[in-house]
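One structure below.
Note that the chains take the letters A, B, C, D, E and F in the order they are written out, and that residue 1 is the start of every chain.
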Amino acid sequence: MENLWLASGLAQIQMNQAIMILVGLVLLFLAIRKKFEPLLLVPIGFGGIMANIPGAGLASSGLELAIYAQDPMVIAKARELFEMPLAHIDAVLHAIENSAYSAQAQLAAVAKDAGYNNGALYNFYSVAIASGVAPLVIFLGVGAMTDFGPLLANPKTLLLGAAAQFGIFATVLGAVGMTYFGIMDFSIAEAAAIGIIGGADGPTAIYVASMLAPDLLGAIAVAAYSYMALVPLIQPPIMRALTTEAERQIVMTQLRTVSKREKIAFPVIVLILVGFFIPDAAPLLGMFCLGNLMKECGVVDRLSDTAQNALINITTIFLGLSVGSKLAADKFLDPKTLGILALGIVAFAIGTAAGVLMAKLMNVFAKQKVNPLIGAAGVSAVPMAARVANKVGLESNPHNFLLMHAMGPNVAGVIGSAVAAGVMIAVVKAFGL
Amino acid sequence: MENLWLASGLAQIQMNQAIMILVGLVLLFLAIRKKFEPLLLVPIGFGGIMANIPGAGLASSGLELAIYAQDPMVIAKARELFEMPLAHIDAVLHAIENSAYSAQAQLAAVAKDAGYNNGALYNFYSVAIASGVAPLVIFLGVGAMTDFGPLLANPKTLLLGAAAQFGIFATVLGAVGMTYFGIMDFSIAEAAAIGIIGGADGPTAIYVASMLAPDLLGAIAVAAYSYMALVPLIQPPIMRALTTEAERQIVMTQLRTVSKREKIAFPVIVLILVGFFIPDAAPLLGMFCLGNLMKECGVVDRLSDTAQNALINITTIFLGLSVGSKLAADKFLDPKTLGILALGIVAFAIGTAAGVLMAKLMNVFAKQKVNPLIGAAGVSAVPMAARVANKVGLESNPHNFLLMHAMGPNVAGVIGSAVAAGVMIAVVKAFGL
Amino acid sequence: MENLWLASGLAQIQMNQAIMILVGLVLLFLAIRKKFEPLLLVPIGFGGIMANIPGAGLASSGLELAIYAQDPMVIAKARELFEMPLAHIDAVLHAIENSAYSAQAQLAAVAKDAGYNNGALYNFYSVAIASGVAPLVIFLGVGAMTDFGPLLANPKTLLLGAAAQFGIFATVLGAVGMTYFGIMDFSIAEAAAIGIIGGADGPTAIYVASMLAPDLLGAIAVAAYSYMALVPLIQPPIMRALTTEAERQIVMTQLRTVSKREKIAFPVIVLILVGFFIPDAAPLLGMFCLGNLMKECGVVDRLSDTAQNALINITTIFLGLSVGSKLAADKFLDPKTLGILALGIVAFAIGTAAGVLMAKLMNVFAKQKVNPLIGAAGVSAVPMAARVANKVGLESNPHNFLLMHAMGPNVAGVIGSAVAAGVMIAVVKAFGL
Amino acid sequence: MSSNDILQQGADLLMLGMGSVFVFLSVLVVATTAMSWFINRWLPEAEPEVVTRKPAPSTEINSKTLSIIEQAIAQHRVAKGRAAAE
Amino acid sequence: MSSNDILQQGADLLMLGMGSVFVFLSVLVVATTAMSWFINRWLPEAEPEVVTRKPAPSTEINSKTLSIIEQAIAQHRVAKGRAAAE
Amino acid sequence: MSSNDILQQGADLLMLGMGSVFVFLSVLVVATTAMSWFINRWLPEAEPEVVTRKPAPSTEINSKTLSIIEQAIAQHRVAKGRAAAE
């Protein structure tokens, strides 16, 4: 029977870890040399390398380490708890993964008794992501950096931010389609978590993935941040294909000045509406709105400053390392990762197209025409997508600055994808019952 | 039996939540428009709105959410543990609230097995307040911002800071009186926690309330910060009523220069004396003194700067949100809240009066007369109360600047109320045995 | 039987606490007046005083407090769990200390049911040190402050950083020798933890001590930081004794300019090599390298700034207080502390000597001579030891600035002692099996 | 769960999701427009939001200020070079 | 617990509380006075607490101006390093 | 465990420890040297690492500097107005 334990293939594991270290190095290269979202990809890439150091187990829980080490006490306890023979190490891990929290807690206590402690990255992940806190704190800081002025000056651009979320749900359909045709084996929860890549918003993607598909979190976060960095390559061809030269030359009227009071009232209104319509989006959007209110209200500047600097920076470091912990070879080197990467880029493309088409649809009805290029900014990817809209617009009319007009749908896209996240969490939870 | 469960009145609950959202909006208005302690009341008000979003359960533990959802496993476990029928949802909640920690932990594990997770604000509360850490960190930062120079130049003003704490204990008596006369039903622990509002010091009030009466924490913190903001309205009439024009015109001799070494020695002496006399005040005053020592010693400026900025700001955000979580309708909309608000303002008034009268008493014996107006600053409410003393003084003598003289009793009031807090915690604990 | 419980000698305990308060005052004096590593010794000294406040129990767990208070439920549970009579309070404490984690958790739950909560400093220690996180975060910040330029310009100075770690292992031998001759009673884990003082690196010492000998952590950290501050007194006599005047006058060629790319590649290479060779050193060196990469890569300056400021400062405050909690009289006032202090200074001396002698040995083989004084900087104690090397060098040749040359071995010493730490943790763990 | 079920769930998610996003953001358009109208109608700010930048300090910066700044920068660089203690 | 008991407890709390506060702060008055006397008698500071500013470097940069400029530079650097909102 | 055992363990620790430290740092010497050679041979930086300080802004203050100072003054005014926390 002992031999069965040895079947896991140590050599194979180490080869996989070497591959993942290369992946980590590639991420560092993209972050540092190509400036791909470096604030996240530097800690993610570095954390990915750390997570794959053979024998260090930095990304493993004490319980996992005890089982890798075939600790007899822990395995006996698992057999007792699950009333299964559990002949192979993978069977034990699988049984634990599918067990209830209290069974895991009991086994973890036995592992701790046997001297196995959680790895450092595992602890970071537990505190920062599994608890849900890091994405919320990032959203607080992002809210404190966001100016809703352009959106308030032209509220109907919110609809562009709505349309672009079609990328999310089309991708969900793509993922379940893959399952249907037997290409991949995604559950509905996993499909939803993959779809959120189309939200083009890092913290939202991490938040949803941590709730619906923690094992895919590494691949989803890497895809989300990488494609956000690739927005200047992904979007322009789609934008040009779906618009005529005349449309791209549409000049929009200058935005009105928005008063301080409107800016103060807006986050409060968003919070209350979210609370009534999509309570599951309330944690993310609540923190986002609090950050924005702190910025706009003008009486708590020291809190706003800290939220935009020390607090978001500290959180970003640990969020990145925690995401990196999910680049451990056993989780990342899976055919699903390829599926996620393929679906993710489709999600961005569809979201971009939906935003542009929505703008064209609005032009059919509205008197005040919008330049359909700003629809592409509705995917979020703040502020990259807005800059792309501006740049493509300048190609057609060198005097037509769309940047401020594109900021409206751009920040609307953040709200839109957080709403989509809330809906998906609620619906998937309901499916589970 | 099922019907009993439904008797809790969902419509009533939602109406209460709507009321609490209005309360949150009022707090935001007071904070932003009226500048009522905005650093705390912005996050408290916003957290209060978040806590009352129907169906989101942001301020609830996973266990509470499981019971609201009438999860059969959790309720069965509760009936088994407490050996009670527990026919009604409120009976279950009540039984849990009065049970020991380990019973709660067992039920929480069952709830987690059933898929119920703690709300985000509940987690913030657990980490920031239930652990006691946030008030301590705030005190560290406040200590690093406090200048004990005026106090050291005129140490007998410490006695003014002592006298003003009479507001605390008179309010305790008021609260037990209300119980005695059947108007309210406060326990002695609750009465003590309400009294601390008279300390006019936010972190102290939160610290005491979290230990002695967590359910009242929301109302106590809101009362404490609101009345601190109202000090310019509450105090002057009392100060004028208790002093003659001649007393208000008393000019005090200029304060001597205090040496660096005295300022370094002072926090160390306070720590040691607190340790010997009032060990239960040692956490609060210890952190306060450490902050002050870091500021004064001159060799750890980078730590002092961080304690005064990034650290206190981060903590303030989460402290405020955590207090806001206690504005959940089921805890806040209680007749007790009205009692707390009424008692709180009495506490401030009595504290003010006691400080002024103590100053007059000191003038009977001392050669160096003190202007009795600075006695009112002994309630703490730093630096508002000292500014009020200065302003009222200037009304009587436009050349008599009392600000620095009032800073002595003002910071003495912080020490005084922390000492009072320590005594109350110790005595109430002794009553409990 | 009751009398036995009383035998612990309350008067003796209070006398010991008074002594430890004096020790805390001496540490504050050294930190503030003599500038002995004030960033750490101010919070350590202050925390030491707080930990020894009689009756406050700030450094004790709720379980310890319950046992000091002779809580009958807790003691009954302990007797049941350990199946021992446990007549004396010290027997209970001893049995708990040697018990498994899950037994401790059960007893802690009983203590919490009985109303005993952890002291504030105990909580800080659990979160900051027992979890291992604070030393890692400090290393992140130190990495972000470290310039590997001088090391990269002259990589063979890494060997000086290797040699100086001989102080660590010689001290281990000294400690086991003391045990062998019956002078002290150190276990091999304790001997290893004491040896790390010779690494002259605070976070490394705390990290190792927290893993191998938590009870000795206070004495080890105090010794490490004190002797680091005393480097200008300890090192020069040894350096002069082991070198000739001619050697001290050796002028080294100016260091070449190191390119940005080399500086970016270096931390990544260190991480990967550490991962392959010494996985147990990966947490410490991984965080150190991440900090350095964030500094050098130039695309995440806001993260690097925060790691060097807000984050390291916040962590330093709590690390210091947590170390201070280990100055509680019952742990610190032990003959072992004297042994640790004696061995610690020997460790520094031997490390210094080994570094100097290694430099002389390298001069036998190398064409490019190194000034042996820079070997002494290999102990780490950054940047003090490098400054000492520079100063002693200037005494022999007033135009010979060795500072930059000494920075190479100086930062090499940090890597060297972290590697030594990893080896010791791994080997001691292997001994335990 | 059959393969058809997951397709159905995906379609449900698409409908519910896009529906909710559009309804919510449409409501937000209305609410925002109403709020802006209300504030500008009933609670206009005394002074407009336009940031009135103080006139840039004349046109020249005199040489004294210049040298002050140069020295400040120099001093700042020195300060930065000071190694922070560990 | 009878209603009288809680009145009694409230009164106890008042007595013990005000007593402790007064005793403690009175002791602190004495200790502080003694400490100040001791320090000023036996450990006077070599240089008085008055901050003796170094003579301003010729062109006179007052410390306020300096700190303004330092802040500006710091802010500028931060702004430069700050990536656009995530 | 006999007293001899712990001596043996100490000696083991010394051997393994110093061995590992020397092996590791020697490997690092080799790896670092190779890396430096590789980078300087194949990936030299376009512009050398030498920090080319911009020539001090002689007599003019460019607009960037000007805006920095304006910001500083604005910030300073804000800071003055900001009430102390809590």
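Keep in mind that, in the parts below, contacts are C-beta pairs under 8 Å (C-beta built on N, C-alpha and C of every residue); 3 or more make two chains touch, one makes a residue touch a chain.
Everything numeric here is computed off the predicted structure, so don't read it as measured data.
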item: Touch-network distance, chain A to chain B, counted in steps; value: 1
item: Chain whose average C-alpha position is farthest from chain E's own; value: A
item: Per Cα centroids, the chain farthest from chain F; value: B
item: Comparison of A-D and A-C by number of C-beta pairs in contact, larger one; value: A-D
item: Approximate Å spacing (C-alpha centroids) for the pair chain A, chain C; value: 39
item: Gap in Å, rounded to a whole number, between the CA centres of chain E and chain B; value: 20
item: Distance between chain centroids, defined by C-alpha means - chain B, chain F (Å); value: 44
item: Interface hub residues of chain F, defined as touching at least two other chains; value: 69, 85
item: Residue list for chain B, restricted to those that touch at least two other chains; value: 39, 274, 302, 309-310, 313, 316
item: Residue numbers on chain D that touch chain A, as the complex places them; value: 3-4, 6-7, 9-14, 16-18, 20-29, 31-33, 35-36, 39-40, 43-45, 48-50
item: In the complex with chain D, residue positions of chain A that touch it; value: 151-152, 155-156, 158-159, 161-163, 165-166, 168-170, 172-173, 175-177, 179-180, 187-188, 191-192, 195, 257-262, 265-266, 269-270, 273-274, 277-278, 412, 415-416, 419-420, 423-424, 427-428, 431
item: Residues of chain B touching chain A in the complex; value: 21, 25, 28, 31-32, 35, 38-39, 42-43, 46, 49-50, 52-56, 58, 109-110, 112-113, 115, 119-120, 123, 309-310, 313-314, 316-317, 321
item: Residues of chain B touching chain C in the complex; value: 100-102, 105, 131-133, 136, 140, 264, 268, 271-272, 274-276, 279-280, 282-283, 286-287, 289-290, 293-294, 297-300, 302-303, 305-307, 309-311, 429, 432
